[in-house]
Amino acid sequence: MPIVTIQVTREGTKPGAKSVTAEEKAQLIMGVSKLLLDVLNKPLESTFVVIEEVDTDNWGWGGLPALEYRRQRAQTPR
Amino acid sequence: MPIVTIQVTREGTKPGAKSVTAEEKAQLIMGVSKLLLDVLNKPLESTFVVIEEVDTDNWGWGGLPALEYRRQRAQTPR
Amino acid sequence: MPIVTIQVTREGTKPGAKSVTAEEKAQLIMGVSKLLLDVLNKPLESTFVVIEEVDTDNWGWGGLPALEYRRQRAQTPR
Amino acid sequence: MPIVTIQVTREGTKPGAKSVTAEEKAQLIMGVSKLLLDVLNKPLESTFVVIEEVDTDNWGWGGLPALEYRRQRAQTPR
Amino acid sequence: MPIVTIQVTREGTKPGAKSVTAEEKAQLIMGVSKLLLDVLNKPLESTFVVIEEVDTDNWGWGGLPALEYRRQRAQTPR
Amino acid sequence: MPIVTIQVTREGTKPGAKSVTAEEKAQLIMGVSKLLLDVLNKPLESTFVVIEEVDTDNWGWGGLPALEYRRQRAQTPR
């Protein structure tokens, strides 16, 4: 009876997309449900998946809003 | 000091409604707060309730997006 | 397909009990599942309930650990 | 590697604002990330923060939707 | 910067195991992190995974504690 | 009426401590409650804080269990 919650920023990965597409969501749902079947033998029908899309303003990393943190990291020489 | 989180798909149950109505939400809030009073003796004023409505695309069951899973189950002879 | 998460402090309400009893948990599970059936017409078998018991040290209210906050409130004249 | 989730009602605190502003969100992100650095010595870059804004209809307190509960408390003589 | 939370009952799937093993947990962590890389192009190092094991008493399905629900389903002719 | 959830690995930061101490928890609770008062003008008594300690086996980063990921990062020249 697993519950899987996937939190991601609300952004597109495909050109022109402003958020995760319905197809990508379906791939995440199937992928993680199969993983629980393979690793823990949980039947597909007993797994719930919830995808939460979070505005980039509402996501913090490194003490900064996500987009600003990415900008800073991109500029930092390594 | 309980916190109750209720996650449901963003769908209407009443004709014409596209989501849970404000009246239904109020019933959920009162119902679950009273339940915690009855069972665990928690005063109403110490219970927080958060209702999260999740788009049907973002909810997975049986390895599929929720609406597709329901369609398949409806077609399966039992 | 609702998911209900109930977070409570790990404490007993019955004399001698140090945590929520199995019977109380069963009452919470049935009560909240029925509520979702009554209010939103969700079948019992499509509702998941997760009860999370949280140590009183790990719960804060009023800027203080829960037990300390209760002590202060009990002493405050109203 | 802390994860901090901050759930607040979707309301403005500044005149004219209908929700938490981007600047307030940035202050929350920085403030809580620094707190984890100060108290638990967690580096800023290992802390994730997620802010969830919840419609006031979807938030319950005292057995009532949040705004109604506030109205009642405001009217109660103490 | 995804966060994936996997909630499962605290049970073993291997003979003699009373909970998810460390190896199974590592497989879940790697599997879901790769899934997010494959589907959404998220680098492994930006994904956090949290596995929450929940006592079977604390998990409800079908209005009942999980183990009781399973017993009933096993007895129901289909 | 904010709810703040702080998830950290169950580890000590002080010499000899195997987990977050009660004093550190109290500092987190007060610190984050004050932050919400300062930034969003939320009264202390309307903020709930829940601290969740997660076993290091149950926390994944970079596709690996947390301790293994840290070991690898410590060995990587930058």
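Letters are used for the chains, namely A, B, C, D, E and F, taken in the order the chains are written, and counting of residues starts over at 1 for each.
In the analysis below, contacts are C-beta pairs under 8 Å (C-beta built on N, C-alpha and C of every residue); 3 or more make two chains touch, one makes a residue touch a chain.
In UniProt terms the chains read A, B, C, D, E, F = Tautomerase.
Because the structure is a prediction, the values reported are computed rather than measured.
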Shared interface partners, meaning chains that touch subunit D and subunit E: A, F
Between B-C and A-B, the pair with more C-beta contacts: B-C
Euclidean distance of C-alpha centroids - subunit B vs subunit E, Å: 21
Distance between chain centroids, defined by C-alpha means - subunit E, subunit F (Å): 22
Centroid spacing, where centroids are CA-atom means, of subunit A and subunit C in whole angstrom: 29
Sites on subunit D at which at least two other chains make contact: 1, 3, 7, 28, 32, 48, 50, 59, 61
Listing of all chain pairs that touch each other, if any do: A-B, A-C, A-D, A-E, B-C, B-D, B-F, C-E, C-F, D-E, D-F, E-F
Touch list for subunit B against partner subunit C, complex: 1-9, 13, 20, 24, 27-28, 31-32, 35-36, 38-42, 59, 61, 66
Residue ranges of subunit C touching subunit E (in the complex, touch as defined): 22, 25-26, 28-30, 32-34, 44-45, 47-53
Subunit A partner contacts - residues on subunit C that touch it in the complex: 1, 3, 48, 50
Residues of subunit D touching subunit B in the complex: 7, 54, 57-65, 68
